[in-house]
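Going in written order, the chains are labelled A, B, C, D, E and F, and every chain counts its residues from 1.
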Amino acid sequence: MSATNTTENPTIEDTTTEDTATAISRYPIPDINSLPDDIVQRILDVQEKAKFIPNVFLVLAHRPNEFRAFFDYYDAIIYRKDSGLTPAEKEMMIVATSARNGCQYCVIAHGALLRIYSKQPLLADQIAINYLHAPISSRQKAMLAFALKLSRTPELIDESDYTKLKEFGLDDEDILDITSIVGLFGLSNRLAIVTNMQANTEFYTMGR
Amino acid sequence: MSATNTTENPTIEDTTTEDTATAISRYPIPDINSLPDDIVQRILDVQEKAKFIPNVFLVLAHRPNEFRAFFDYYDAIIYRKDSGLTPAEKEMMIVATSARNGCQYCVIAHGALLRIYSKQPLLADQIAINYLHAPISSRQKAMLAFALKLSRTPELIDESDYTKLKEFGLDDEDILDITSIVGLFGLSNRLAIVTNMQANTEFYTMGR
Amino acid sequence: MSATNTTENPTIEDTTTEDTATAISRYPIPDINSLPDDIVQRILDVQEKAKFIPNVFLVLAHRPNEFRAFFDYYDAIIYRKDSGLTPAEKEMMIVATSARNGCQYCVIAHGALLRIYSKQPLLADQIAINYLHAPISSRQKAMLAFALKLSRTPELIDESDYTKLKEFGLDDEDILDITSIVGLFGLSNRLAIVTNMQANTEFYTMGR
Amino acid sequence: MSATNTTENPTIEDTTTEDTATAISRYPIPDINSLPDDIVQRILDVQEKAKFIPNVFLVLAHRPNEFRAFFDYYDAIIYRKDSGLTPAEKEMMIVATSARNGCQYCVIAHGALLRIYSKQPLLADQIAINYLHAPISSRQKAMLAFALKLSRTPELIDESDYTKLKEFGLDDEDILDITSIVGLFGLSNRLAIVTNMQANTEFYTMGR
Amino acid sequence: MSATNTTENPTIEDTTTEDTATAISRYPIPDINSLPDDIVQRILDVQEKAKFIPNVFLVLAHRPNEFRAFFDYYDAIIYRKDSGLTPAEKEMMIVATSARNGCQYCVIAHGALLRIYSKQPLLADQIAINYLHAPISSRQKAMLAFALKLSRTPELIDESDYTKLKEFGLDDEDILDITSIVGLFGLSNRLAIVTNMQANTEFYTMGR
Amino acid sequence: MSATNTTENPTIEDTTTEDTATAISRYPIPDINSLPDDIVQRILDVQEKAKFIPNVFLVLAHRPNEFRAFFDYYDAIIYRKDSGLTPAEKEMMIVATSARNGCQYCVIAHGALLRIYSKQPLLADQIAINYLHAPISSRQKAMLAFALKLSRTPELIDESDYTKLKEFGLDDEDILDITSIVGLFGLSNRLAIVTNMQANTEFYTMGR
């Protein structure tokens, strides 16, 4: 099994001669042979499913305990049974909040998932730039408005926000799903930003 | 074992006659007898240590999988061996970022921990209000400046931020600790805000 | 009479070795014997009432004319007869706006008064962190929303703001009371911040 | 003595037919004969000096105790002996911060004073719009930068701000003067905004 | 023909001895004899009409192609036939948005035009400082609210903004007029700021 | 010649049944046969070059005079001889500022141009999301920092901003190029937002 996984980011030709980041992380990527078995297994599983290893798995493996907790949390939220949100709706919120937080990895990787789940090849770019101009329903716009408010100014959330969501048929469990997604990907955004995590090139074109 | 745990929040006398929240969460608190054994055990453990059950355990038990992931993440970060940050420094960052995010539960509960770890009974209030006027070191002020910037405007983080931290002897692993703390408690803040999680009254006076 | 009044703020142990502020002000505190009689009398009066001298009296005595005008203004507003606001409501607004302005002295000192007047030991911390989650009436939330808007973005105040307040039975004189309180404590916040005025330790626990 | 003092503000012709404010305040202007003698005297004094009664005197007379405290404070700050700031510099700060706070009365009235004190007929408009493009010294720009920061985001003030001012020869007493001015006129701005205080027409052209 | 055109901006006396800008631009002003005929003609035309040459013509002549496009755009928008906006309303929006963008040239020059078109000598200052307190109609306040939102946070514009304007009888072509004005003067503001374009002294008093 | 040009934006399946925009503009698209010859010629020219008609040409043709001025301005800036900025650098600034302004059309269309000019298929997405994490030179990061500051907060631009750019070898004419680009595309962003201009599907994948 090959763990080599690099992202080609040659710089634009320029008279200045500084190095630019070509590594997938500012932190060391562990030798896959040195990793605990459960982590190796999780990486092998995602590789089999995706046909490549998303860099987030390699970057977070730098700290195995946090790796486990992160992906357990991810699975608990994204694959929660009985959720009233569609997979595409979850990805819309991840894309919109990650774009506002300036997180390249999350916008690129989850933008790919959004294209796939929604079967709309233009939607991820539209939502990343400005969901108010995206061809989505009013209910979805209300979800994104709440997600962005909760992400950027949680101190301003009040009862009237829940009332608005409920007018679109979203119930308290849906609101908790949105909250968990916004919260976990807010954590993910900050990890990706500080590690300077690079998105795999595959994600940029997947589903277009 | 009694799972009853209420917070007394009588309203100020007022001519208006509306109800005010007295529950510890906007969401149902599960009957402790119905919870999975591992979750019951974790709650019993914290109760033994703290002599009461912090409400976050009861509130998050509403969703067992997310409960497990949350506390595993918490333990992975807060109890990480070899961290270059002191327990008090971790609590300072939790208090400062939670205050900016408007999260009562986290400021009150972690303010108590900060008083205990720092043995400075005034420090939690001072940092919650304005860390720039708190009697802490320049290194700690730099940590808090970074934590608040990462929490509120992650999109603006750049290399110069790491450079400043390194001038105070903080290395890349310390920076990753700060990032994980800011990220996880950003998630925690949003969960506490949306559930309207109430802090146990014990926390308000602990360590004063 | 002893004018000595110090706040103990030992720093957390830290490898850096810088001094941290232990004085109650960045400015000289006048020898009480050198002060004009009326100022001495006002200080003696507050000491008799409070059993200690709140540091604001000692710090502002550095400039006697401004001291007199400040406390005359304070008395005119806080003790105005026929005010439609309760003492607790006035302190709520002082605490909420001072917290947003980052003023330790005002949040700590007026938080103590809020606990005393409201007889609710948790309320000051709750309002300092996020009044939207405090157990207060809708009328009080409307007052705090207006107070914070007027404090932080006075340029955005328009007729619709008064209309909202009037829906809760607040009249034009109440609105003027709120305005005077927000304005005077905005001045007070800035004086406390620039003098680095330290709150007396007594205030931290009073009324809890 | 005539207390009649009106500001002509006819509306632009428009198909809508709503009333527009022509009163000098949203609050009642007291009959000057009903006012306490000391307040009448202060109004007569300013009228003799200015040849008209600035509306702020009539508007604030609605509450005599607050009127007295306000003008005592004003005098204590503006006429403080030994101040290291020139009268024009004080007005610059009043104009710049009042413009940012959206206070018409203060910008118009103190803009007139700035023109007179500076003998530069263009300066008030230039500073009200953007002091960075005004023909003032670097020291004055540093004062205005500090005044605006203290006015709008007092929570961000730290030691580095004082250091910058001291590089321009401003000492701690100058900094306290700036603070008192910013604070008092912040109060004044909010009073003028909520009362919808109208500037006398004389101020608009004075000193041009 | 004389192209000399200077603005007197003597600095306030000050102990610091730095130069302050007295030129009308940070960029070279071309010799009028060296300019293409069509540009000279446009300058002669405006001079005949205004009795002086507004500095914007001399400053932008530094780049003839951009000069032509700018003034063609200006004419297309400002003199568009059948516009539902009055000349005074167009100037109100230019003044309000330019003030928020900190552009001295545009506020001073278009403030003069607003005084002339509205025949209200106080209106330009009132709108530059805070249109919410200006004696204008509700329809005009709605136009200015939209213009400022579009100018400062275009990403937040959504359908509800158009709905509000239509409630005041503004149609889609009016909305497009507002958009073009806000957009072109946003460009103009940035050109004036970066060139440090000085307003002619004539504009400061015109129409008062 | 066919002027039909539509963008497929089917909505995600959803229980709500509202229409979503499928037109390329909220405003009428003129019949190409009714347009003035010079405008038709400009459209034919771009079609020959691009093999399709970018929607901006059809949308802006609604107002011929503004169409002409817009594209003349565009040509004057983008094709200015002797510019010190490369075509890719110009597109970087357009993409970064348009993303912050929430303009889908400009990010998508100029993102395509950036991919083509830079020959870096990932660069447009990286810069749209967060230029601080893009593989570009320090000089280019300084350009983008200035462009974003000028775009979002022109009132804060001062001499220090030019100094920083000059440290990277950018001269005053380069700074004026940046200013014109930021200004014109700020106008373009607002036109595209208010017309709800849809990007042609071709742009989404071009150059990937």
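The criterion applied here is as follows: a residue touches a chain if its C-beta (ideal position, glycine included) is under 8 Å from a C-beta of that chain, and two chains touch if they have at least 3 such contacts.
Keep in mind the model is a prediction, meaning the values are calculated, not measured.
Engineer: Which other chains touch subunit A while also touching subunit C?
Structural biologist: Common neighbours, subunit A/subunit C: B, E.
Engineer: Determine the set of chains touching subunit B that also touch subunit F.
Structural biologist: Chains in contact with subunit B as well as subunit F: A, D.
Engineer: Using C-alpha centres only, name the chain that sits farthest from subunit F.
Structural biologist: Farthest chain from subunit F, going by C-alpha centroids: C.
Engineer: Can you compute the centre-to-centre distance for subunit A and subunit F, using the mean CA position of each chain? Integer Å is fine.
Structural biologist: One centre to the other, that is 27 Å.
Engineer: Taking the mean of the CA coordinates per chain, how far is subunit A from subunit E in Å?
Structural biologist: Each chain's C-alpha centroid was found; their separation is 44 Å.
Engineer: Just the number, please: Cα centre separation of subunit C and subunit D in whole Å.
Structural biologist: Spacing between the chain centres: roughly 24 Å.
Engineer: Taking each residue of subunit E in turn, which ones touch at least two of the other chains?
Structural biologist: 102-103, 130, 132, 155-157, 193
Engineer: Flag every residue of subunit A that touches subunit E in the complex, lowest number first.
Structural biologist: Going by the criterion above, the answer is residues 130, 132.
Engineer: Could you please specify the touching residues of subunit D with respect to subunit C in the complex?
Structural biologist: Touching subunit C from subunit D are residues 26-27, 63, 65-66, 68-70, 72-73, 75-77, 80, 100-103, 150-151, 154-157, 172, 175-176, 179-180, 182-184, 186-191, 193-195.
Engineer: How about subunit C: which of its residues touch subunit E in the complex?
Structural biologist: Touch list, subunit C to subunit E: 155-158.
Engineer: Which residues of subunit B touch subunit C once you look at their complex with the stated criterion?
Structural biologist: 9-12, 14-16, 18, 20-22, 86, 88, 99, 102-104, 107-108, 118, 120-123, 125-126, 128-130, 132-133, 135-140, 168-169, 193, 196, 201, 204-205, 208
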